[in-house]
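Heads up, the next two complexes both have chain A, just with different partners, chain B and then chain C.
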Partner chain A sequence: MGVDHRKAAVFGGALALRLLLSVLFPSLPDLLTGRVEVSTPVTSFKRLQEGLFLYMRNVSPYDGGVFHQAPLLLPLFSLLPNAQSHPLPTALFYSMIDLVNANALVAISDSGQAVSGRFYSALRKHIRWDGVSIAAWFLFNPFTIATCLGRSTGVFTTTGILYAFSSAVTGNSLNAMLSLGLASYLSIYPALLFIPLVLLCYDQRVQKTKVSTGTLPFALQHFAVFLACILGLLGISTLLIGDFYTFISATYGFQLLVPDLTPNVGLWWYFFIEIFDSFREFFLGVFWLHLAAYMGGLTVRLRRQPLFVLTSLLGIFAIFKPYPSISDASLYFALLPLYRHLFPLMRYTFFAISALLYATLLGPAFYHLWIYAGSGNANFFYAITLVWSLGLSILLADTIFAALRDEWEYDNPELRGKEVRQV
Partner chain B sequence: MTVLSLLTLLFVVALSSFTSATSDYHESLYLQPLPQSSLLASFNFRGNESQESFDERHFRYFPRALGQILQHANTKELHLRFTTGRWDAESWGPRPWNGSKEGGTGVELWAWIDAPNDEAASAKWITLTQSLSGLFCASLNFIDSTRTTRPVASFELMGDHPASSNLHLLHGTLPGEVVCTENLTPFLKLLPCKGKAGVSSLLDGHKLFDASWQSMSVDVSPVCPQPGECYVHVDQTVDIVLDIDRSKRPRGNPIPRPVPSDQLACDTSKPYHSDDTCYPLESTSEKGWSLTEIFGRTLSGACPLTDNASQEPVCLRVPHEREVIVTPGAVETKRPDGFTRCFTLKPSTPFDLTIPEQEVTTHVPLDEPVLSAERTIVGHGQERGGMRIIFDNPSDSNSVDFIYFETLPWFLRPYVHTLQASITGRDGLRQQVPASQFIRESFYRPAIDRERGTQLELAMTIPPASTVTLTYDFEKAILRYTEYPPDANRGFNVAPAVIKLDAANGQNHPIYIRTTSLLLPLPTPDFSMPYNVIILTSTVVALAFGSIFNLLVRRFVTAEEASALTAQTLKGRLGGKIVALRDRIKGKTAKKE
Partner chain C sequence: MAIRDIVANPSLLPVLGLSAETRDQCMKLLAVLDPTADLSDDPQERALVASREQKQLFALLARLRGQNRDAIVRVRETKQSTAEARQEIDRLHLQLQNLYYEQRHLTGEIAACESYDHKYRSLPLIPLEEFLALHPEHQQSDEHELMIARINHEHAEREKLEQARQELLKRKQALIAENNKRKEDLASLDQDLERFIDVGYTHVAMTAKNDPQTSPQTVSDHTMTTTTPTPRLPPPEKPEAIRTRFKVIAAFWAVIIFLGFPIWWKTTSIYRASLPVPDMIDWADGKTCRPVFPLEIRVETPSLPDVDAQNLLRSTQHTLDDLNEFSAHHLRLKLSNEDPDQPPAADAADTALTVRLLPQDDLASPRAALHHDTTQLDVFYPPSQIPPPSASNSPLSTFIADELQLLFAEEKAIIAQVLSDNNIPGAPTSPDLAESVTRRLRRSMKYADTYHLAFSLFTPGASPSSWDIQAAVHDYITPVLDAFSPISNFTVDTQVQLYATSSPTAPPPEYDETHSAWTLNKDDLSAFINAAEWPLSPSIGPGPTINFILYIPSPSQSPLVVKDSLATSWIIPQWGGVFLLNPPNHPTHLTKETLGPAFMTFSHQLLTLLGAPSTPPPLPLRLQTLTRIRAASLLLSASSTMGSLARLTESLPQIPIPATVATSVSTTLSHLSSACDHLRHGQFQAALASARVAEGEAERSFFEKSMVGQMYFPDEHKVAVYLPLLGPVGVPLIVGLLKEVKKVVSAWKERRRR
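Our next item is the complex of A and B:
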């Protein structure tokens, strides 16, 4: 009962904080919606409203350069009252989504998959936070709050991903595939999580039922479910919008080809502003290949910890996807405390956290200098995005090092605590 | 006394020639002094060619160069405008030709093309713009798909077209085009007298493009006065508003000098008036000027190709009480309206017209504009902004119905859901009201990046004696660095909005008003460092990729094992070999001894 009280307090507090912020500062949501760190062309709430406006007037929202989000969001948001005149229902809806996400996190944490799995159990598993603490860490993270108040539609992808994870760790592999299908439908990149997620589901199945069927039939079966889910959602979307080709090219084509170079916290925008035209397609391919390359390497090397692979991939997406925002970083930061037991093994935490704080504080300042004050140029903000990406990649590499070291100590208990090298 | 405005007069003459003139040529010049020492000079040249001769490529009064382009591009009706400056409607009153011969700042082109479908029409449109670009020395070839729209309600056909034709209206603007003498020269070459004789001999690029406002137009449309008897009608106009004082400056010495002190008219009632201080008196008399002073040359006689039906090509609109001195031989006819007088010209006899400075009691009345419109970009910063359009209906009794048409470049992303309206009455109270109260109908075609621009057409009604303000937000896109012009920080031109008012007072031609063009500053990247950006971004990517895959592909060993392993590296092994070799050599030398 004590835990429940804590959970209720954390959830209630988070809800109250979000509603209070949007009531006390009525211009804050619109301000955050306009921030490039919060809203990207594929998650912006303002663009969603424009799409909704056109959709309600029977103009195809995809026959234009503004709206690039999944079609199913349109009927969903048309149920809510107009956010301009009645902002509270929308704020409440987004806050509830955050709580739902936090609930999934609690389920993931409570399953203990992060510390012990089918093949592997961490040596320092006593060092860990409980689910409510992790939920609190997620709910009171300023990045999460900013995303929630900025009404980025990226939170729905977050929900899909977190529910896929929580269903997978609790052994409900069908729901995991459906949730991942939803996330991939909303924004294409979660599809890269499919293989590690299937491995996680498979490990869970074997652990629970003690029957090890073949991996391949299991994976194919689940791939069929995953594909069916996406196709089903696309089918409904086609029924809604009518023109299949237009909405596919306006949503997925847009995410793949990155035509809109609005600044964001990622690495793509400035690179593709400055790249020579003849190399544009080549580097587009290289960047996507690079993003996809991590999935294979991590899955193979960290086969015993598929949930860690998933977490690390989310970190990689937060750095290297075409339109990243702080919402992606907040999702990665939400899952990191599951690996509290790895923290003692990390080497560059101070440096990574300093770089992230530096980027967080100076990013908006330098953006202001470039866009509004005119006393700086684009390089100011670009430099900050480099620092942000660098800080995140150091953190990511460091956690991967810690996870590998932990695995090594598990394999060689006699060498625990010794100085190690990699050769 | 009924006052015929200049506009109505222009129209009456234009319409009468539509019906009477057949295969002939007609030209005219209207001069009207405007308030604030300005002078409106309105040149008009009209030529007709029968449809049969046009189809057989037999050109008499129709310019061959233009005719061939139109035939090649299947263009049935063409309207081309070159405009610079701004018409000051507050001081100058309504626009000449009711704005129908005027374009937005820069170049504006619209045409009806006969084509079976939209794709064919677009292909012909590209042909047309490319050819006209060559003919008029203008950058019309830059009217690509992003600058082309297909207006729904803003433009209507001028001529009579057979019902069987499948016409497509295409409209394109180049708001940033600088209109100058290189556009005037080909324009004059289209005329039968080529600027050598007739009223066109007054047109000089130095004076024309020094004007406060100028607009050149070319209109081609088929006219059928009777069924089966059709003409291709070409109508060229040049309208300029010249600053009289500025134009009178001698060409060799154009810098204004201070008036010598003995010629100054001083207000002697001022307490500080003395020999060395002077408060200049506002001159109450009308400015004196002559054609030679204003245009820098005389009118070199009538164009011999003009038909004899119209013998009074030069008309002047000043009160009858003003003294006008003309070259001997020219005959003056005063019109009964009390303001207009016209002059005949003799072939190959120079004509000049001089109006001395004079105190007058009557003034030429100026109509009040039916509607005034103003469009501005609001907000600051290079990320987003807002558009504000202000419509003012000066009438106290009548509401105004009109079509508002604007095209926006694709890198300006409007948010239509933020469209808001407010109304201010004559009491000055501002009220926020739903925009649907003024917008009867709307047509909106959103932009697609790098493909087409935004097209917005609103059918609106503005209630009497009120000012309506429309606002909407937009976002400015950041472009690839090659898409910026060389002067990227100057900003991008946004084409003027076109307002079409329905025909009033029994005229069958609508009134057009155009707002000024806008300058949109976009965020700019640093153009100097594509290499640096590629290198720095690639470094960060490589750093992440390298450190992560380095961790993944290597195995862990303890520090002792690692040092043992390093011993087995190439260096260690080489070191061992060297030690062994040294030992052998040492051993050998020891044996010898």
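Our next item is the complex of A and C:
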């Protein structure tokens, strides 16, 4: 029961820290809610409150043109007391969500799927952290804490994704599909995770039952479940809102067409401010395809490690999705320690971490210079977001390199420990 | 030398003989005739002898002549044969020469061949005896064949040797490479061994260690014997790895081809709605519509019998037609006695003028009077002047025709001007009239759908600070605006500006003793408005602004007038009007009555600025004229806009044409044709309404925003748009694809070779 004690301590500490922060600094949540790094137009808590206000007064929440989040969040939040007058219940709720996410992480880690799968078993298995350490790393990550205090609704997507993963690695493929359906319903891009996730489920199934049916029927079955889940959620939303097209265009249309160019830590906003209007649609397509194109290549190349494909895709989303925030980065960072055994193979860790720290520290400063002090301009902040993306990209490329290296050594045991050069 | 020695030809000898004979005969004759010889002979006999001798001489001469001729002919023949013979000889001589040359050349060649030193002679062949020993079958062959055989033998030997040399060279290269590799191995071996030792193992190969001074050959021998050679190259890729790579590249390219290209095609293709370009060009060139202006003039003859009236009408129409030189603009008289009581309904607005013929007894000649508030012309005539039915012309009809012609002269000139500005031939107008018309057109504002009128009160001091502007505008301006409402829309703004000083650069007014007034120089009027400081907005909304400035001079400079003319108002072309109001005893409030003259002037200025003609004086007539002018100019301007749009879309094939533009164009064209029809039927109000719609739509389609945006975007700029992002993304993809394709092609070739 020692492990359980540790887990309880970590979870309790994380909960206490969050509540303490919001009690000691009552203005902190509101400050974080307003930060562009924490809340994007599609995850902002302020916008959610606006939608909630309209919803409570029986007005279509999308009428104001401010709220762009999934309609099912509204009844959920209408159960909570007003966040303005009673901030504690909301804080408690968000903290609980974080704990739930951490719990899913523990499950993923404990399954050991990260180090050995159906086709493949990492060589440095012994170098790894246990589930509680990974949960602690996630729970005490400042990015996670900031997201939690900023009450970004992105955490629900995170929950969906993490539960999809944990269900998949524990062999519960139906639950995985339902969770992924929820995540895709909340924000579209998790749907891109479907194929690697199905492969992960399939590998688990084969590993457990030792019966290998065809991949395709399995995938189709699960796709049907996935689709049914999304359609069910959309159906409920339609019942809730009434006008199907209004809410589709206000939520998914908004996420796909990126009309709000509020600055964020991503790469899209500046580009689409500058682009000639006649090319806007074309480059929207290019950017989305760029985001989607990695899925096929990575899945094929790292077929033996589907969970790693999922992790890397989350990293790619954190860089290239239209409205990224630090909550996306924190999800990627949460999954990275599962691959502790790859760390010795990474080459640019220092550089990547310094770039990320640099961007983290200078980003708010440059944003202040631009927006409030007026002594800088948009390029200041954009340069920092470029550095941030660069740091993430280096980290991502480095981990993928390490994973490939690991696979290569697995295939060529006689060459273990040799210098390699990329050609 | 006697001649006989030279001439030996037998054919010439008779000639010589005959000539000698002739000479003798001559001598003989001479002797006979010699007076000194013998005088004793009978002269008669002598004469007889002489004549006989002479006859003989003549006979001889005749023969001689014939023979001479023969001789000459023969000489000629001889010459010819000589020349032929000569030619023959020359030819033969030349042949001989050639033969000589040939002979010499051949001798030279033979000598060269004989003295040629061939390589084979110097070839270091094996000696004959040895060769014969090797190949005894050549024992019997002659020397030549023997030599050939020996040379062939030598060639074969040498080729064999060369091959051997090449192989040796290759072996040498391989050995050098091997040597280098061994050296490297040796170097790495050192490290390996050190590591080996560090780990703590002992090994039999210890002897091979730490011996870098020994020659590479021995060391490599050592390694060969003691350790298995370590492969430096990575192991060959497994087929699954190759297949995986192929799949990865295929996955990326599938996204590009099946999603990327359709998106590119869909989002960057330019939508070009089809436009009726030929129609538009035709409109612009004036081929579709020739604006005509048939003005209908109603003639009322309450006191005339119908027959007389018809007659008068006909003759007047004749006179009018004779007078008119401008076919597009003509007057049509119409008798309206049929129902004088019933007010004409629809056509009333389009009736240009009503002529009422009234008899008056005490007149010597006809007299015309215009009503000031209606479109009516009263013509008073002495009853005696009613033309008899038979008369084709009468003073009365001539008078009416002249009067009408005069009334519409200016309108005709303006329309001619407008048409000729658009390259439609108009009527010749007198230069004076054309000049005044051009000046008037230059002064008036450009046509707009909406005008903003801004009335401003400026005063250099603190008073007057208020004016009764609402009432003044209502009384003086609103009626005009109402009258103009079919032509344009108007908004009215007013402002009062106190302490409005004139600009420092403007010359101050001077005091004129004779008129006891302050005067402004006429040339300085343009500087009167202090454009830098007075808040006169150039545009209040869409559409031009017409400014009217009421200036109250300060009490110290009152009254203020323009020098010489003593006028108090002037017009600023295409901008507005100014009025200097000098109210008595400087009130703080300007009443409607005080403002009256100023606003009267303003309404006149407004008419001028809006382009109303100066004649004929009654306002309704001027408005009607303006209606016609505006209809014509709008029609033409919308047509030319259509033409410009058509040319624009044809010359820039990459600009998009949204569907709204196509709709606008078709609306424009339909309204243009309806306007043209209305004009032809003399319905000018309807024509103006259609032309306004057409103009508005034409402008909207021409200045469509999405078209203008693309207009300045040439194709080469697209490179700059695509390349910065797609270039870096595309290069690895394309290189990967090329590598893969190369590999597939080489594998295919390999398979074919096998």
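By our rule, the second predicted complex is superposed on the first by the 422 of 423 C-alpha atoms of A that agree within 3 Å, B and C clash if a C-alpha of one lies under 4 Å from a C-alpha of the other, contacts with A are read in each partner's own complex, and residues count from 1 in each chain.
As a convention for this text, a residue touches a chain if its C-beta (ideal position, glycine included) is under 8 Å from a C-beta of that chain, and two chains touch if they have at least 3 such contacts.
All figures in this text were calculated on a predicted structure; none of them were measured in a lab.
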{"item": "Partner chain(s) touched by A:Pro81 [first = chain B, second = chain C, both, neither]", "value": "neither"}
{"item": "Partner chain in contact with A:Pro89 - chain B first, chain C second, else both or neither", "value": "neither"}
{"item": "Which of chain B and chain C A:Pro263 touches, first, second, both or neither", "value": "first"}
{"item": "Contacts of A:Arg301 with chain B and chain C, given as first, second, both or neither", "value": "both"}
{"item": "Contact breadth on chain A, by residue count: chain C or chain B", "value": "B"}
{"item": "Touching partner for A:Gly285 - first (chain B), second (chain C), both, neither", "value": "second"}
{"item": "First (chain B), second (chain C), both or neither touched by A:Tyr382", "value": "first"}
{"item": "Touched partner set for A:Ile400, first chain B, second chain C, both or neither", "value": "first"}
{"item": "Contacts of A:Phe276 with chain B and chain C, given as first, second, both or neither", "value": "both"}
{"item": "Footprint overlap on chain A, where chain B in one structure and chain C in the other make contact", "value": "275-277, 290, 293, 297, 301, 415"}
{"item": "Chain C residues within the chain A interface of the complex", "value": "234-235, 238, 241, 244-245, 247-248, 251-252, 254-256, 259-260, 263-264, 266-268, 656, 709-710, 713, 721, 725-726, 729"}
{"item": "Chain C partner contacts - residues on chain A that touch it in the complex", "value": "275-279, 281-286, 289-290, 292-293, 296-297, 299-301, 303, 411-412, 415"}
{"item": "Chain A to chain B touching residues, read off their complex", "value": "34, 36, 46, 49-50, 52-54, 59, 63-66, 84, 259-263, 267, 269-277, 287, 290, 293-294, 297-298, 301, 316, 319-320, 370-372, 374, 377-379, 382, 386, 389-390, 393-394, 396-397, 400-401, 404-405, 408, 415, 418-423"}
{"item": "Chain B to chain A touching residues, read off their complex", "value": "380-384, 410, 413, 415-417, 444-450, 477-482, 523-526, 529-530, 533-534, 536-537, 540-541, 543-545, 547-559, 561-562, 565"}
